[in-house]
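By written order: A, B, C and D. Residues from 1 in each chain.
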Amino acid sequence: MLGYFGPAGTFTHQALLTISTEEAIPFATVGEALDAVRSGAVEAVMVPIENSVEGGVSATLDTLAAGRRLMIVREVLVPVQFNLYARPGTALADVRRVITHPHSAAQTRGWTAANLPSAVVVEGGSNAASAIEVADPRSRFDAAICGQIAGEMYGLEAIATRIADNDSAVTRFVLVARPAEPPARTGADKTTLVAYMHTDHAGALLEILEQFSGRGVSLCRIESRPTKTGMGNYCFSIDAEGHLRDPRVAEAMLGLHRICEDVVFLGSYPRADGVRPAVARGFTDSDFEAAVDWYATLVNPVND
Amino acid sequence: MLGYFGPAGTFTHQALLTISTEEAIPFATVGEALDAVRSGAVEAVMVPIENSVEGGVSATLDTLAAGRRLMIVREVLVPVQFNLYARPGTALADVRRVITHPHSAAQTRGWTAANLPSAVVVEGGSNAASAIEVADPRSRFDAAICGQIAGEMYGLEAIATRIADNDSAVTRFVLVARPAEPPARTGADKTTLVAYMHTDHAGALLEILEQFSGRGVSLCRIESRPTKTGMGNYCFSIDAEGHLRDPRVAEAMLGLHRICEDVVFLGSYPRADGVRPAVARGFTDSDFEAAVDWYATLVNPVND
Amino acid sequence: MLGYFGPAGTFTHQALLTISTEEAIPFATVGEALDAVRSGAVEAVMVPIENSVEGGVSATLDTLAAGRRLMIVREVLVPVQFNLYARPGTALADVRRVITHPHSAAQTRGWTAANLPSAVVVEGGSNAASAIEVADPRSRFDAAICGQIAGEMYGLEAIATRIADNDSAVTRFVLVARPAEPPARTGADKTTLVAYMHTDHAGALLEILEQFSGRGVSLCRIESRPTKTGMGNYCFSIDAEGHLRDPRVAEAMLGLHRICEDVVFLGSYPRADGVRPAVARGFTDSDFEAAVDWYATLVNPVND
Amino acid sequence: MLGYFGPAGTFTHQALLTISTEEAIPFATVGEALDAVRSGAVEAVMVPIENSVEGGVSATLDTLAAGRRLMIVREVLVPVQFNLYARPGTALADVRRVITHPHSAAQTRGWTAANLPSAVVVEGGSNAASAIEVADPRSRFDAAICGQIAGEMYGLEAIATRIADNDSAVTRFVLVARPAEPPARTGADKTTLVAYMHTDHAGALLEILEQFSGRGVSLCRIESRPTKTGMGNYCFSIDAEGHLRDPRVAEAMLGLHRICEDVVFLGSYPRADGVRPAVARGFTDSDFEAAVDWYATLVNPVND
């Protein structure tokens, strides 16, 4: 059984549907969803991890990094498009109070300022929860900003469509399972991890980056997150190009483990965009193999 | 006239009160507060920029970076402590529905799970707005999680105190004004900026960090933020130790300007914690002056 | 009056003749030649600094770095070609004992092994001195390995020509004067210096190199030389692309001065090969100027 | 049978005597000595590699790097002290012509200038050869500058002692054998190698150094040597702290092999000075082992 950060009708639900149409369990928070994997209640859950406009999803990043280890096994990209949904019969001119998720509010701010200048936008827990709220005839809200799946699921009517300020917004979701052997290498993989420094010493981030750059590994994403131990203490959540079994990534991971206080490996999995990394001279698998073969001749030379 | 991200009674309001008790204007969003500075409607506004548990405040980081240039002139640290407030007469056992800001919800999650296991926590727009909601006798909510100032301002009663999971949480606020000559150097200053790379080329962040490390400048904070131009494109929001007029910071800023597509300078201002940086050998003001004097003798030697 | 590391007929003499045919004073050692400049006895002297096969000329590198400051004002490249010279009437088969400079011996080792397998090669002080020795009818030597100018100057006969093992060997000579304003920028310049670290700390060389790489300055030559204070203590003799007045070189020099115990500037002068450096984005003169202009607007903004 | 760069009586001979008093074969040049090892004519030879005042011995560095691979198995440090030797009966005042090795001439230049201002110093092939020359009653030379062993071996008399300008000069010698399994780790070892870059690209040396610094390996010596393929093309002769079998050195060697056009391994051997490296946190053997163990749990997790 799979699960997802619900309720039904969110973009997360939509992301899950792209990989499985079996019945799945919605969870009220990202934390509950991940804990259900940890406890074995479900096999895996889909959660949002990053939005191209709003940035990383802190709840997911922090809950993945803390507690019993989990593993990302898949990623899904979903274009994010918003409509304004109301109870059937509502006209745009009637809309006084709008409810939506804070991210959705942020991504439609321009449109609401231009088209609903006097309306109040209140932030709710999710897009789908906002649709549910508006679907209730006693609701104090006239409309919800949400995606098509949520609007239709709760019987609302779109009174304005494609209202996102940035038409190309994308949200990235990940399917999270319990630790196991990572999925096989595909040649277009991504590795996610969290690195904690020994202390917040000057240059710590530079050293982390050098573990990757020195092995020809590019980063897709790097975010600092507070370690919650005091202002100014950060850890770094990182997506690196390549798979744990790529020799260049393996050596970078070994290097990180040595210089860091802790490294939390969160999985190697196929990239949703299928992009293969440009591996520079000296960092291909065969370069690594050739070096190992050469080293063997130094340690045990055969005089000819 | 000053302003702040309101409503009255938030921690932001409290931060403002530590530097001025004159009447000030609350704004409904960080964006409106900053725009009021840009338009000249107010002199300066107080906004939250970072929380030691929840991380950077995206709305502030993004709104500061975009649009007409602004300047941070001061920072304030406020210890964040939460109580559970209800209408007078409510008992803890009666609490079924709680409202609070998403950050506050996140920071008290452990307490509510332990003490209000069956209550629903709904996320509202701000701590103070949650208190206002609960103060309304017709409210569907029984209690609000907020700070003391908000609870008392709206006539509520604390039915549980010090409920934050992390007792030492701190939020950092900044006072933002229009660009002017930065405040004078104090020896314990901080410089805030946003760096955009020419392209998202591998190693871009490494190059940015080297501009600082190569001049002996430590960083207090670095966060990636999406540039909103597509998944995988980031800019970096940075707090560096030191003042724009410190020669080591000046040279780092010049270096950044050369290698970056754009650098947005957001101010040099005294650190709230008064910590003076440990400046390594070779990077003091007098080291910079001595180097300049020496260079002058090379370009125009006087034969003796 | 100019001077050179003599005697007459050496490649150094030949290098000097390419820039001046006025009478010039030969000096017996590089040290005497440079001291004659220091004392004002001559205006400038030509000395060898590097050979494409044998490497740096230690005597020149060390004597330039120590003592009263001097300045390189010009460089000359001379293709090095050797012949075997003997007293008129000598046949190749008669040659038993050969004399030549150690560098010349090294550069013709293959030829002598193949063509004079049983001859003894003795190392003398210079090619020209070897020619002088052989020119003496009472000499115990039958032949000298030297350049054409020396062989002919002392009345010898070439009994084998073009005997260098490496046909493309080049020696680099520099004209050294007292410190003055360096020659004007030409766009194809070179800067020579010696850097001494504070202590022989791990990573010192890396830091030196970063002063250049971080400002987009490539190096043409870097050699370690013992500081003569104990095994394992080195300084670094460096030729960098560009002129002291190029902003990127200026900033690198300032950086070096700050991190080093001592930096000896030995001149900026036109490159003999006329090669213009490829200056990367961010490091052109106008990039430096633009950064300075931008910085000025931060320190003294004009509100519009 | 062992050999050495002779003739008998040189400091090299003295270095060999510290490790073996068996009869050994002197060779006229470093090249001949090393070729005798390559051909199997001798087991191993002692050659000089570096002098604390004069720097690297180019002939040794270049001959080790080129041709069939050899391996350094031991190093010896010999304090270098010079005396002035003459035929019995010669007084200091009689000395007009002095012969010595160029390095010895360089290291006693101050003394001869002060004490034999009008004498001519001619450079011969070795200190011992100079003693042999002076021992010949028909010699045109009055005295030789050489070490005690050479002076006494050829029946000369010291007419001035301890005449080196730098009293603490040391020469480093290495015992070179055919490739075999390197001597066992002692914890105080050194590894010698030569690195050739793919092309003379800007930043090549920086990349080489980063292979070491990134694995916590300090360098004892680094010298550029021309590759003899044209002015401006260099390879780098390096002594690194540690043994080929130290995991940090092994990983650095693998890294070098990947980024370089060629790497010539010249041996891992006990340091003559017995100094143990200070291995920083993250780079000890156990740090490397712990990282490997951790990696294994990622690739093959055992769910508990």
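Rule of thumb we're sticking to: a residue touches a chain if its C-beta (ideal position, glycine included) is under 8 Å from a C-beta of that chain, and two chains touch if they have at least 3 such contacts.
Keep in mind it's a predicted model, so treat the numbers as computed, not measured.
Engineer: Can you give the shortest number of steps from chain B to chain D, where adjacent chains in the path must touch?
Structural biologist: The fewest touching-chain steps linking chain B to chain D number 2.
Engineer: What whole-number Å value describes the gap between the mean CA coordinates of chain C and chain D?
Structural biologist: From the centre of chain C to the centre of chain D is 24 Å.
Engineer: Can you check how far apart chain A and chain D are, centre to centre, with Cα atoms defining each centre and the answer in Å?
Structural biologist: The separation of the two C-alpha centroids amounts to 57 Å.
Engineer: Could you list the positions in chain A whose residues touch two or more of the other chains?
Structural biologist: If we look for residues of chain A contacting two or more partner chains, we find 210.
Engineer: If two chains touch, include that pair; go through all of them.
Structural biologist: By the stated definition, chains touch in these pairs: A-B, A-D, B-C, C-D.
Engineer: Chain A touches which residues of chain D in the complex?
Structural biologist: Within the complex, chain D contacts chain A at residues 71, 178-182, 198, 210-211, 214, 244-245, 250-251, 253-255, 257-259, 263, 265, 281-283, 287-288, 290-292, 294-295, 298-301, 303.
Engineer: Quick one: in the complex, what on chain A touches chain B?
Structural biologist: Answer in residue numbers: 31, 50-55, 58-59, 77, 102, 106, 109, 122-125, 166, 168-170, 172, 202-203, 205-206, 209-210, 213, 218-226, 228, 230-232, 234.
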